[in-house]
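Look for subunit A in each of the two complexes below; its partner is subunit B in the first and subunit C in the second.
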Partner chain A sequence: MKKTINLLAVCGSGTVSSTMVAEKAQEYIESLGFNVQAEELNPQQASERIPSGDYDLVVFTSPIPGTYDIPIINATGLLTGIGEEDVFEKIKEAITE
Partner chain B sequence: MIFSEKLIIDNASVQTKDELFNLAAKKLSELKMINNSYLPALQRREKSFPTGLQTKTIGVAIPHCDPINIKKDGILVVRLNKPIPFQQMGSSDTEVEVKIVFFICSTGAQQQLQNLRELIAMFQDDSFLKEVYQSKDLFDALSLWKGK
Partner chain C sequence: MQTLKTIMDTFGANIFVPIVIFLICIFMKINVKKAINSAILAAVGLIGFDMITNYFTPVISPVVDKMVKLAHLNLPVLDIGWQATAVIAYSTQIGMVFIAVLLIFQVFLFAIKWTNVFMPSDLWNNYSLILWGSELYFVTKNMWLASFLMLFGNMVCLLYSEVIANRWSTYYGYPQCTLSAPHQVGNVPFALILNVVLSKLGADKIQLNPENIRKKLGFLGDPMIIGFIVGFLLGFIGNFTTLTAIASWGQILTTAVTTSAVMAIFPKIGSIFAASFSSITSASQKSMKKGGREWYVAVNDALGYGESATLTTGILMIPFALIMAFILPGNIIVPVMCLTGFAYDSEINIALADGNIFKALIMDICIFAGQLYIGSYFAPMFTKIAKQVGVKIPGNSLMVIGFVAANILLGLITIAFMTKNPLIIGIVVILYIVQFIYFKKNKKKVIDTIEKHSDYSNVHVAKS
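== the complex of A and B ==
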C-alpha cells in the first residue's frame, strides 16, 4: 500500500500557476513511489488552511504569509526550468525524511 | 496559435513598469479586449504577486489579472528596447531585468491555464526564446512556435 502525500500548491489566484506546479510536483512525487492528493489555493486561503494539518507539503509561486511546521517550498523553478532539479531535490528531502 | 499580429508592440521605449502597463492597457482598450477595471487590477496584482521570470536566456514577465477584467482572450507581446526590472515571481527581494513582456488576457481560469502552459513551454525552449528576442520581426519569430 503506497503512502499518500497531501500536496498543497499555492499561487496568486489559486488556480493557474498553482495548477501547473502541482502537476509537475505530483508527477515527480509519484515517480518516487507515492500517491498524491493535490489541492490548489491562493496565499490567503493557504495561510488559513495549512494549520489544519491537512497537508504534508506545500509548493508555491506566491509566498504565503506566516510560518508553519511543514515544508514550504518555492516552486517557481518548475515554471522556468531554472533550478527545477533543486526544487525536486527539496521535495524529495521533505517527503522522505 | 496563441499570438496575433494585432497584439504586438515592438521596440517599446518605456522607462518604467507604470509606463509599460499604461501602454499595454491603451492598446488592449483600443482592441476592446479589456474593461476599464483592467489597469488598476493589473497594477494591484503585479504588486502583490509579481510575475517576472528569469529563464535560461532572457528575463520575461507575464502580467495578468482576474478574468473579470477581460472581454476577449489574447496575449499582448511587448518587446522592450531597454530592459525594465520586475520582481521575480514567488519572491519579494529578487529582481529580473525583463526584455519581453507577455500580457496574458484570459476570460476564464481554463483559458488562462492553457495560455500559461503554452508560454511556459516556450520559455523552457532556450533556443526558441533567444531567436524570438533577437529576431528582426517579432511576430514572424513568434509565429514559428508550434506549441507543445
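== the complex of A and C ==
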C-alpha cells in the first residue's frame, strides 16, 4: 500500500495557477512512489483550512498569511519553469522526512 | 471557415473545444494519455460552467429586475466574472482556432526578437484577446478583420508587457517574470499617466499600512463570504419596499446563499477548465530557447495577488466599486463576480505606486470608472455571444459581461476596428508603431523614467 500525500496548492483565486502547480507537483510526488490527493484553494481559505490538519504539504504561488507546522513551499518555479528543479528538491525533502 | 462553422454548429463548444485542445496537445508532442486527459478536463469544465450559470441566472435575474424597477436604477447587466468570460471566449466559433494561432504567433514574435516577453507561458489569458476578436466578428462578420484585431491586440499587449516588465518583476520579486494578460497590461498606459499625475498632486504623502487593514478586512478575501454579502445586498435593495413580507426574506436569503455558492463553486470549475491548459503551457515552456539576451517569462497574475499591499488594495476597492456602479450616470453594470478579483487588477498600479495603497486605490478607481463605461457599451454584444455559446439568459432585459471584456485600451481599439474605416484603423496602427519604435530605441531611458517615478524615499519592499 502506497502512502498518500495530501497536497494543497494555493494561488490568488485557487483557480488557474494553483491547478497548474498542483499538477506538476502531483506528477513529481507520484514518481517518488506516493499516492497524491490534491486540492486547490485561495490564500484566505488556505489559512483557515491548513490548521485543521487535512494536508501534509502545501505549495503556493501566492503567499499564505500566518505560520503553520507543515511544510509550505514556494512553487513559483513550477509555474515559470525557472528553478523547477529546486522546487522539486524541496518537495522531496519535505515528504521524505 | 465555412466547414469549420458547420462542425462547430453540429457539435457545439462542449465537443469542439476538447477536440482542439487534444489536437494542440498532439501537435506539441504531449503523450496521448495526457492529451486525452486535457481534452476531457476541458469538456468537464465547460459542462460544469453550463450547470452553474443555468442555475444561477434564474435566481439572480428576478432580483436584478426588481432592483431596477424599485430603485429606478438602470443596472440590467450582470457581471459574471473572469472565469465565465474565459469559458465564453474559448467557446466561440473562432476562440479555439485562435488559441492555436496566437500560440504560434507569440512563439514567432519571441523567436525573431520582436519582443523579449515569452507570452505562451501564460496561455490561459489568451481568452482576453479572443473575446475582442469574437465581438468584432459578431458585429462585422469579417473573419480577416477579426483575426487582424487579435494579432494587432497581441502586439500592443506585448509592447506594454515589456514596458512594465522591469517594474513588476522588481516590485514583486520574481526575477525575469512579467505580466502579459491583455486585461492587465492594457491598463499600463493609463496607469503610467495616473502615476505621474497623482505624484504631482501629492498622493505620495499619504501612506496606508496594509497589515492593519488586512487584519480587519481579511475575511473579505473569501469569495464565499463576499458572495453572501453581495447576494444579500442585491436581494435587500430589490425587496426594499416589501421588507415586512416573509416572501421577500425568502428571496433575499436565497439570493445570498446562491450567490455565495456560485462564488465558492465557480473557482473549482474554472480550475478544472484551466487544468486542460497546463500540459500545453508546460510543453511550450520547454520549447522556449533561452538565448543570450534579456527576456521575460509571462506569468499568471495570480503571482502578485497575495502580496500585502496588493490584496489590501483589492479588498478596499470592493465598496468603492459598488458605490461607483450605483452613482455613475450611464453605467448599467452591477458588479458581482469581479469584486473578489480587484487584487489582480491592482498589481500594475501597486507596482508603479511602489506599494502605496492610497495612490494605487485612486488609480484603481479611475481605471474601474472607465471600465464601467466600456463594459456598458459592450454588454449587449457580449450577451449575444454568451447566448450563442449556450448561456441561458432569461428575459430580454438582463445582460451579462465580465470585466475582462471591459478593458479600456482593447475596448477602444475594438471600437476603432468596428468602424471598418481604413483611415481610423490606420491611425491606431501607426500610433502603435510610433510607440513601438520609440520604446525599442529608447528602452533604457523609458525604463529608467518609470523607475524614477516609482521610487520613493520611504521605499516599501514587497515580501512575496
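One rule holds in what follows: the second predicted complex is superposed on the first by the 97 of 97 C-alpha atoms of A that agree within 3 Å, B and C clash if a C-alpha of one lies under 4 Å from a C-alpha of the other, contacts with A are read in each partner's own complex, and residues count from 1 in each chain.
Throughout what follows, a residue touches a chain if its C-beta (ideal position, glycine included) is under 8 Å from a C-beta of that chain, and two chains touch if they have at least 3 such contacts.
For clarity, every value in this text was computed on a predicted model and none was experimentally measured.
In the overlay built on the shared chain, the residue A:Q45 is in contact with subunit C alone; subunit B does not reach it.
After overlaying the two complexes on the shared chain, residue contacts for A:C11 are found with subunit B and with subunit C alike. Once the two complexes are overlaid on the shared chain, A:T67 sits clear of subunit B and of subunit C alike. Once the two complexes are laid over each other on the shared chain, residue contacts for A:I82 go to subunit B and to subunit C alike. Applying the stated contact rule after C-alpha superposition, one finds that A:M20 touches each of subunit B and subunit C. After overlaying the two complexes on the shared chain, residue contacts for A:S31 are found with neither subunit B nor subunit C.
Once the two structures are superposed, subunit B and subunit C can be ranked by residues of subunit A touched, with C on top. Applying the stated contact rule after C-alpha superposition, one finds that A:T96 touches neither subunit B nor subunit C. Common to the subunit B and subunit C interfaces on subunit A are residues 11-13, 15-17, 19-20, 60-63, 76, 79-82. Interface residues of subunit B, counted against subunit A in their complex, comprise 45, 48-49, 53-56, 66, 88-92, 109, 112-113, 116-117, 120, 123-124.
Interface of subunit A with subunit B (complex): residues 11-13, 15-17, 19-20, 60-63, 74-76, 79-82. Considering their complex, residues 83, 121, 124, 174-177, 214, 218-219, 221-223, 267-268, 270-272, 274-275, 277-278, 281-282, 285-286, 288, 297, 299-307, 311, 340-341, 343-344, 463-464 of subunit C touch subunit A.
Across the complex, subunit C is touched by residues 11-20, 23-24, 40, 42-45, 48, 60-65, 76, 79-82 of subunit A.
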